[in-house]
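For reference, the structure I am asking about is given below.
As written, the chains take the letters A, B, C and D, and residue 1 is the first residue of each chain.
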Amino acid sequence: MATGEKKPIPLEFEQPLAVLAQQIEALEVQLNDNPELEGDLERMQEQYRSLKRSLYTNLRPIDHLAIARHQQRPYTRDYLGHWDPNWIEMHGDRKGMDDAAMVCGLVQMDDLQVIVIGTQKGRAIKEKQQCNFGMPQPEGYRKALRLIKHAEKFGLPIVTLIDTPGAYPGLSAEEHNQAQAIAENLFELSAVTVPVVAAVTGEGGSGGALAIGVANRIIMLEHSVYSVISPEGCASILWRSNDKVSDACQAMKMTAREILNLGVIDEVVEEPLGGAHHDYAGAAANLKQALVKHLKELEDLGQKQGRDAIRRDRQNKFRLFGAHG
Amino acid sequence: MATGEKKPIPLEFEQPLAVLAQQIEALEVQLNDNPELEGDLERMQEQYRSLKRSLYTNLRPIDHLAIARHQQRPYTRDYLGHWDPNWIEMHGDRKGMDDAAMVCGLVQMDDLQVIVIGTQKGRAIKEKQQCNFGMPQPEGYRKALRLIKHAEKFGLPIVTLIDTPGAYPGLSAEEHNQAQAIAENLFELSAVTVPVVAAVTGEGGSGGALAIGVANRIIMLEHSVYSVISPEGCASILWRSNDKVSDACQAMKMTAREILNLGVIDEVVEEPLGGAHHDYAGAAANLKQALVKHLKELEDLGQKQGRDAIRRDRQNKFRLFGAHG
Amino acid sequence: MDLKEWFANRKNRKENKEVAKQPMPDEEYCALWTQCFQCREYLYTRDLRQNQLVCPKCHYHFRCGALDRIEYTADAGSFKEIDAEMQSSDPLNFIDTEAYPRRQEEASRKSGLKEAVITGVCTIGGNPCAIGCMDFGHFGGSMGSVVGEKVTRITEYAKQNHLPLIIVSSSGGARMQEGILSLMQLAKTSSALKDFSEAGGLYISLLSEPTFGGVTASFAMLGDVIIAEPGARIGFAGRRVIEQTIRQKLPSDFQTAEYLLKHGQVDMVVDRGQLKDRLASLIAFHARARTRSRAQAV
Amino acid sequence: MDLKEWFANRKNRKENKEVAKQPMPDEEYCALWTQCFQCREYLYTRDLRQNQLVCPKCHYHFRCGALDRIEYTADAGSFKEIDAEMQSSDPLNFIDTEAYPRRQEEASRKSGLKEAVITGVCTIGGNPCAIGCMDFGHFGGSMGSVVGEKVTRITEYAKQNHLPLIIVSSSGGARMQEGILSLMQLAKTSSALKDFSEAGGLYISLLSEPTFGGVTASFAMLGDVIIAEPGARIGFAGRRVIEQTIRQKLPSDFQTAEYLLKHGQVDMVVDRGQLKDRLASLIAFHARARTRSRAQAV
């Protein structure tokens, strides 16, 4: 069983699994002295695998949310490191700030040169603070926009990686016009003539996620979520209660499969069993494979029908979203 | 003799004139009781007019500088009020600031709809401070750029009014990338396809002036100045002395006539005798006449050869600036 | 976006404490008399309406519904509605303490409207234009699929017919009950505005009390010209969310129209009484320029 | 722009006071031994030059002249100069304490160069490109008509020949002795870069110690990619002017490359030792993308 960078910390709903794992470990220690225990060990391991499978095939929406928010979940920098160790980071909005919550770079994915734009939550405490826990400021969206324009100028496809609770709600963020920064990205990203593929890798939180999510193809990792408002916010407004987060998760249809069924996204990308944080390399490989496939299909479209067809494809896709009588 | 909004405050080199004016005033008071003084009065008035003419036809560069910096000199808002009392101001860079040192508006000039972009020094102390004494911050240049793009989109000719000691040299100005703000305006303004006419109305101070000065036609009011560095800065660097400002003024060839002779500007616009601050309405009328004439010529060019010809005209003009062997 | 918050804020809002001797009723104006939300004066409702819902005493701009807005803004009798019948469906089968279709019915009963935006064409000072007016009184002005679709359609209509476009925003944000589909309306409307903009169309966005969340973060902030009404509260995140996040008190005028003007986010703040004239001037100015510059288009 | 100031600042600059026991000579490296400006170590000049003028002890990046820069950056023997003979005239008949032509002669005698920029073509890691390198050692790297003309011409050359463009800036600003004509070079170079950009050209701007005034406020800040060298001081206004204006002390790292990175003004800070590889990667990355996307251009 491949693992992420560190031993995965179990989530609440994984407790039975964790208990079993501890028992297996204890048994393994005794195995050298008591070879007769081998049969027990094998049974327990089989039990573990079957419990795990059943656990992960019956996840509630709130369990997906927990995995999507897992503190060890791979972030944009993790994926970039796996995809292209020589990727070149592009910093700053040119106007006063380099928002650490938004990472941009020139990345080689297989034989494709790509601009990657992704949110970053931060791992260590200090980094988390620098990244505002993954909540970009207007300057972060403007940095992204600068790279979007760079991509358009040089014909570079764009990949966006989305894992954010939302745009940062702060004093200076409002003063610097967070709303306008998001709106301008929606406006401009809708019309670029290079392929854009967006992947929700963790939390897709509201307008702050969509600001880099106007793409020809939108894909989601299996356990990621995408919603118009945080389930906590939804519960507090509609149920006027903080205990109803699970209900809100369920009502909003925010899991990858549900959103696929609503026709908003194009693919759900399988994660390593237990979630992406159990196997960074595996998650990175799955994600890359899906991204490259979509990028190449869009490149084909461009070659056959011209770059404007790529833009029309994206605008037509979003034109159809909505349900009305 | 028409006057500005208030009685003109005399400059140092105008002292003899001021003394004479006082004597004339004193004489006028006595005139009712002593009608026989009328002859004296007329002689003195003739003397006044002749002294004034001779004074203003023999101005040194530093005298022009003094007039250009006169505290009563009409500013952008004064001209706009005279040209179109119903002009509509457009505020803000959309990103966090509305720089009072840069004024932008939709203005009707005769039968032309024009975007005017001009620096503003501020009149009362508080307004001066808000305007940073006419030194725009990066946000001011970005507000100007927003209106430049607005003009390009809607085919509105651009008039810029330049009266600034230069771009603001401050901590936040550097942090917000003053240099980039200026450079981007040069970059974008060079390529718009609408007519651009720039008028130096007071001080044209360095890159902070040029940032709204990349125009098809550049005109200067008679007593305005335009230079690559302030004469004080030049004197302090080259002569290592603050007493050499007059020499620096002379060496840099910064007056309207000298710059016309260097081929950089297209016209020197006459000011009311004594300078624009003696007659706001007169100065505004002269300036407007010149601006509208150039705008119409450029409009003609566009009608005959297309909008791109207007851009090429501007770029060709600047392409030729420079002297080399 | 956060409606509950909006209501909570409204209560705490800059109340004129000295004048506030009477208990405060809801802001809705009742049949005959209306109490001013700011100066607490009782106003004769007919007078208030004749003054375009602006308090004659203290100049407070009352919230203005879509139909009132059209009455005050469009030339009399010129407005023709488009897509009047469009109604929401319930794509998520959303139920919280009540089912979404029931909430829709309630909203319509209260507002008398089918949805939170009315769109159509009219003339303003003789200038033809396309117009959309949001109504906070319907479902908190929230944007679901229908609001997004109607705004998109009126934008497309304006593009096809070479009309200037005016959208009056008043919204708590995206409509939660349509989930991710509501969110996608931000992109749909922005994408339509991009096409409109590239075609050279003039879009004037009017921000009115209150404009928040997904509406601000899409079409409301994309105007070629952005006008705000005096005192209107406009922002992305709600005041309370921000205070909880940054753990410090916010300036008292935070997120008001005047604050936005100071921070360069809107072109101008215009009194309701002057709004119609200002819109007419802006449209006419750009139309005259277009006529001139057409002559030289290559 | 303000050269005097630059020299004044240089003296006050973050000196490592503990190490600084020796009196400090001028930064110019002398024949055999060079004292490090930062750590005060005496370095064998040949070693220092082999280390691309980077102190092997403390990593301080010495100022790098145009010829050295080309040697360290271009593939050996690949550089071909363009416009090598262009020289300034004296359009203003400028005299301060000395006549401008005399100052030009002095500058050339000291620098061995005809002007403050050298332009040409070369390959970098095998990638053909157009390049311009400024030299602060010639007339403080100031931009007069010739610098503006040569930068403009190499930009036009890059456009005509579909080459990426690299400009290495090092300048005190515009050259006062050519007055308003120097100022106009800001617009001339920026205008040429606009044409180059619209033609799809890649422009990489390298900011090196020091880059100020008119050069920063024009071509130096217009790169598609902007790289700064470690410790390089870069800004618009000089430190002293700002301190006089705002009457407060500035952060000690103000206007350094690292400060600019933190404030979002440059894409990256790259050690001189890695510069050539980084430039080659950037050029190759964009060239490969261009080849791919050409296939689908309409």
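Here, contacts are C-beta pairs under 8 Å (C-beta built on N, C-alpha and C of every residue); 3 or more make two chains touch, one makes a residue touch a chain.
This structure is a prediction, so every number in the text was calculated from the model and none was measured.
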**OP:** Starting at chain B, find the fewest moves between touching chains needed to arrive at chain C.
**Re:** 1
Subject >> Pair of chains joined by more contacts [C-beta pairs], A-C or A-D >> reply: A-C
**OP:** Return the distance between the CA-based centres of chain A and chain D, expressed in whole Å.
**Re:** 41
**OP:** Averaging only over C-alpha atoms, locate the centres of chain B and chain D and give their separation in whole Å.
**Re:** 33
Original post:
Distance from the CA centroid of chain A to that of chain B, rounded to the nearest Å?
Top reply: 54
Original post:
If you look at chain B, which of its residues touch at least two other chains?
Top reply: 94-96, 175-177, 180
**OP:** Return the residues of chain C touching two or more other chains; collapse runs of consecutive numbers into ranges.
**Re:** 197, 221, 263-265
Original post:
Connecting every touching chain pair, does the picture come out as line, ring, star, complete or other?
Top reply: other
**OP:** Kindly provide every pair of chains that touch.
**Re:** A-B, A-C, A-D, B-C, B-D
Original post:
Tell me, which parts of chain A touch chain C in their complex?
Top reply: 167-171, 173-180, 182-184, 186-188, 190-191, 206-207, 210-211, 213-214, 226-229, 233-234, 236-240, 247-248, 251-254, 259, 262, 264, 314-315, 318-319, 321-325
Original post:
In their shared complex, at which residues does chain C touch chain A?
Top reply: 1-5, 86-89, 91-92, 94-97, 144-146, 148-149, 152, 174-176, 178-188, 190-195, 197-198, 213-214, 216-222, 235-238, 241-242, 245-246, 248, 250, 254-255, 263-265
Original post:
For the complex, which residues does chain B have touching chain C?
Top reply: 86, 88-99, 106, 108, 112-113, 139, 143, 150, 153-156, 194, 299, 302-303, 306-308
**OP:** Provide the residue numbers of chain A that touch chain B in the complex, in ascending order.
**Re:** 94-96, 138, 142, 175-177, 180-181
**OP:** Provide the residue numbers of chain D that touch chain A in the complex, in ascending order.
**Re:** 197, 200, 202, 221, 224-226, 261-268, 278, 281-282, 285-286, 288-290, 292-298
